[in-house]
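Read from first to last, the chains carry the letters A, B, C and D; within each, the first residue is number 1.
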Amino acid sequence: MSHNCFGHLFRVTTFGESHGPALGAVVDGCPPGIELTAAEIRHALERRRPGQSRFTTQRREPDDVKILSGVFTDGNGRQVTTGTPIALMIDNTDQRTKDYNEIANKFRPGHADYAYDAKYGIRDYRGGGRASARETAARVAAGAVARKVVAGVSIRGALVQIGADRIDRERFDWSEVERNSLFCPDPRAARRWEDSLDEARRAGSSVGAVIEVIAEGVPAGWGAPIYGKLDAELASALMSINAVKGVEIGAGFAAAELSGEANADEMRSGNDGRAVFLSNHAGGVLGGISTGQTIVARFAVKPTSSILTPRLTIDSLGGDTEIVTKGRHDPCVGIRAVPVGEAMMAIVLADQFLRHRGQVG
Amino acid sequence: MSHNCFGHLFRVTTFGESHGPALGAVVDGCPPGIELTAAEIRHALERRRPGQSRFTTQRREPDDVKILSGVFTDGNGRQVTTGTPIALMIDNTDQRTKDYNEIANKFRPGHADYAYDAKYGIRDYRGGGRASARETAARVAAGAVARKVVAGVSIRGALVQIGADRIDRERFDWSEVERNSLFCPDPRAARRWEDSLDEARRAGSSVGAVIEVIAEGVPAGWGAPIYGKLDAELASALMSINAVKGVEIGAGFAAAELSGEANADEMRSGNDGRAVFLSNHAGGVLGGISTGQTIVARFAVKPTSSILTPRLTIDSLGGDTEIVTKGRHDPCVGIRAVPVGEAMMAIVLADQFLRHRGQVG
Amino acid sequence: MSHNCFGHLFRVTTFGESHGPALGAVVDGCPPGIELTAAEIRHALERRRPGQSRFTTQRREPDDVKILSGVFTDGNGRQVTTGTPIALMIDNTDQRTKDYNEIANKFRPGHADYAYDAKYGIRDYRGGGRASARETAARVAAGAVARKVVAGVSIRGALVQIGADRIDRERFDWSEVERNSLFCPDPRAARRWEDSLDEARRAGSSVGAVIEVIAEGVPAGWGAPIYGKLDAELASALMSINAVKGVEIGAGFAAAELSGEANADEMRSGNDGRAVFLSNHAGGVLGGISTGQTIVARFAVKPTSSILTPRLTIDSLGGDTEIVTKGRHDPCVGIRAVPVGEAMMAIVLADQFLRHRGQVG
Amino acid sequence: MSHNCFGHLFRVTTFGESHGPALGAVVDGCPPGIELTAAEIRHALERRRPGQSRFTTQRREPDDVKILSGVFTDGNGRQVTTGTPIALMIDNTDQRTKDYNEIANKFRPGHADYAYDAKYGIRDYRGGGRASARETAARVAAGAVARKVVAGVSIRGALVQIGADRIDRERFDWSEVERNSLFCPDPRAARRWEDSLDEARRAGSSVGAVIEVIAEGVPAGWGAPIYGKLDAELASALMSINAVKGVEIGAGFAAAELSGEANADEMRSGNDGRAVFLSNHAGGVLGGISTGQTIVARFAVKPTSSILTPRLTIDSLGGDTEIVTKGRHDPCVGIRAVPVGEAMMAIVLADQFLRHRGQVG
């Protein structure tokens, strides 16, 4: 996990700025013989694509991914991975650079502008450059590969909170998630959220969100003690997504309020000698290693920093000024974070799976 | 960040089980010429030492650390780092192995027992082995070295919540933290917590906690885009601490409930052209890079899993059984997590500082 | 150094097969503010380009490199690096796939065919796929970036032996290297080599070579003890080049034949207190760390494995067969290895420079 | 491979100076369930131990290794690895520090003194500190663990050249290697070498050597393309040994003198469909991946730099001076490099085995 690279045996390096010629990812260490086509990756990209509803940015890119390397046609005519690096490239075609001229010399509050400038002395300000949410397209593309590496694992995400408004856990229905444009598992909450998002959009404001991502089918034993812990790597992976400010596993922060008795996930013997857990406060991870239960993670996304209300800021010469961020933006960047969270979960699991197989066999 | 190693340029590898001959850390990549004595590290270890109050485990080890390598006497008679690996070793002297015989073949709910067994097929069950909170002594020792690498940065931690009882933020006073055995910055909360901890201890139960760690004096510019983000590495480092279930930066999960206007940290021009921020919802990190504000992180620790109430579990043969975890234990493992959280923050910052200096100069 | 990635702070990940859509490199960790244009990289690629003389393969690709990310126009109108990943892409345009159909199911002796098949179960056989010398174009492109990171260091390479015929060290003249198509520093040897290469080409045979690469201007202090040694990383980098079978530093294998007295490079005091060495058997590296002398490395390249004489081999079904490798090939792949060796030296030095600056300041 | 750490899944971090309290290694990533005792490691250390004959340094340390972590007694009473880090510690007991006072302020030619001082500004000069050949004890200890990870592979080393005097390849007999104190496979050469070593010792001089290390039983498929190549990692591992100036694989530098026809290792079909090679110029590696043939590597060790003839040098104040290195030293440090080379080969193979199993299964 260094600079722009994530993973150990299944390594994803992403590159690209919002308004450069292209962005993409190199997936190194993918096992050979896995069927993989650009169409599948494109399908995954569709889910995070901007411009799908009035609640997400109006940038309308086809996100047409190309596989530049690492696949070949096998004896059965299938295109499969060869074990060599899989380079994925997505051209940037819808770049309205003129929209961003105003921000060339002003630092937008809540954005990475000031920090990048302090670090590097220069930044590609167009659309946020490297810090743009557009970078997550490369993660989703790489995540589509990762999913195939852990094909027996089902990874799903849902929006469980917008602003202060949470779903009703009793009504949680995974099949609803794909039926609305908000990845919401509770249809009543979805309707409320549509109203509040409309309101935020009209006001030029924005709202935050909480996303839950789960993985079913992970066997007991993936992960590593101490620093390569499954939950520590999930925390890093999810916190690395743009605008994320918090990550929790299982009961998460609420665990602090439980007694030891309530928090302990008791066990009974299953048919095959494996444990059947009577609860899942641990979120499927104990001591950094999977227990065979569903892996459960949640992460909080701050409200989109691009808003129409003028905000106080400074310019690159150090003078006081104000800024209004115009252009195409999401009132809630958390919506698109759902497939990104799934992708990062998939990448972490693919890496941990290969590492486990390497060490333990 | 792999298996038992953390960091990139400033690398910490820890080793050791709770009841093996010794545990320790190898700190690789420490800059040369930094004064370092065993006494200083011992001082840091004192703060996390068990047996200090009735609220922490009664294991009474002196935690006498030895520096096995990497230091030498300079021309001024000071013992300084030489740039070579600093090996730190802490002998395990107070090992009451007989206490743990009962758990050899039973998996304690909430502990790593089952997961380790599923992964490795064998585990050192004595005191939790590698998954024991005792491993954090090695982190604190390494953290003492890290602090000296970022000597201009002040890193402090405090307990801000026990169970559901939070401190009063209006009364937050850093000087109080060292005056009570609970690292509590609010003296009224400290008194309430003492009562509830006494109660938990009498009941053989346990409670969770939330810890806040801050770093003042980090200049703008440390961190890296995308996967080497300062906040992502903090998340990984803090989540890797035993029993941690959640991590947040700045406003954290509460950021989801803010509007874009409220969340944006506005800026004014400071004397030296650097930004003065009017708030710190970001917790000192934007786009994965420090902004010059105070770095603020919080993490949630679950209630100690070792409790006196019998819990349902299975044994290593897959049979149903019950378990009561006797022995020396903390009613709130979160207390000792305060210096551990500080140590991990120091390690992350030392690493990011060296990486920044390497890339940018 | 993992799979397809080289370097620690200055990290180069390459991707691509000989006959896939494209190949390239992602350079992660490059310092910001360095002027960089595609034209410069293209210039570096020109030096290794096939089709330049009758002694190198007749594949005539323009090697037109695109910079996909990581650069931006600064305030002075210069295109500079921004500190984010620099993705470099070279399209594969001259792919005569039909040439390679015969080798789809036969393993060419001396090639990676059999080993790839044993490892991955599938391989892109076209032109050698990932194992093609064409992959070195990505290294040379990345090396062009690395050279700019260590702009004060002069890195040069020369062919010092073809077959058993060595240059006359007395006649070594760096200015000659760019005057002939064989990178030969001794004009008389160049003429002899042209004859022997013509002969090899006519006979459908091939010859090996030894390349010397030097770096002048490296200050004392780069490198690291034990496993991150400057010479160990050079050895890895040069051995990773296709067809390389040996690497030596300074006196190299000849050092084994020297006495301790003859081998020791004595020192005298220079004007600035730095050492002036009276000889350079060490090749500029002691204890894994640069001494301020010229870094000297040599590597041996085996004869091109693609030859016109039929060779015994087996096919993918395990049957005995014969093979003749037709198509466009170098009689001496070692010639093109000169700029590749320079590139790898540059990458190692850029990485060690940044690591040194990180650790020591 | 960074600073003081080697390997990717099977990671070895070593620490310690020649005259500090102790040196050792942390082996992280070792698979669980492998029987491992200190006695076995001690046995391996015996082979490299100084003081065994009049040709090696007279330092007489017992090299008594302790296993501090990572092993536990399994159900059958065997002490086995648990999958957690294995910390190995060797106390430094025979430290005659007074011998080294003279070199505190003088840089010994051929030693790392000057380079360490230039890099770090301070060095532990006693016995060479971190750059002492004593560090290789930690490698041999870690190598003993690595051998057990690849238990089906036979790894052996031999001295094949001392000074300019090579063994007769026709007389190569592995059983001879353990019969003389020079690891020499040719008894006639062993007698000649004893004479020349006696002469060097009497003259206070030293001689270089070439070591060959082989691994039999490595299946086809270990390794990785491009930068994680099996031969590239071997080159790095062997070049990282003290005093090594050259590494070659298979035919090595001699390959440069072969024709393509002579160099190609032809194949015939074996009983099981696997290739039977008719020669092994490749040294068991093609395209960075093992072929199933014997892995063959050689490395050149320069003559011991500590000699009794006065040499010109400078002191730490930049003044001209002379130095004679007294004390206990080997006339040929290459002898003890034999078990070290075996250890590094074992570490590389253990790592590549686990990585292969991780990626390919």
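Basically, a contact is a pair of C-beta atoms (placed from the backbone, for glycine too) under 8 Å apart; a residue touches a chain by one contact, two chains touch by 3 or more.
What you are looking at is a predicted structure, and each value in this text was computed from that prediction instead of being measured.
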Could you classify the chain A-chain B contact as same or different, where same means more than half of all interface residue numbers appear on both copies? same
Selected pair, greater C-beta contact count between C-D and B-C: C-D
At what distance in angstrom does the C-alpha mean of chain C lie from that of chain B? 45
Whole-Å gap between the CA centroids of chain C and chain D: 26
Multi-chain contacts in chain C: which residues touch at least two other chains? 2-5, 8, 14, 29, 32, 83-84, 119-120, 130, 225, 360
Flag every residue of chain C that touches chain D in the complex, lowest number first. 1-6, 8, 14, 107, 109-116, 118-120, 130-131, 135, 161-164, 200, 205-210, 219-229, 231-240, 242, 245-253, 255-269, 273-275, 278, 281-283, 285-292, 300-307, 309, 311-314, 317-320, 334, 356, 360
Which part of chain A faces chain D closely enough to touch in the complex? 8-9, 29-32, 83-84, 225, 354-355, 357-361
Help me check something: in the complex, which residues belonging to chain B touch chain D? 2-5, 11, 13-17, 20-24, 26, 28-29, 32-33, 66-70, 72, 74, 80, 82-87, 89, 119-124, 129-130
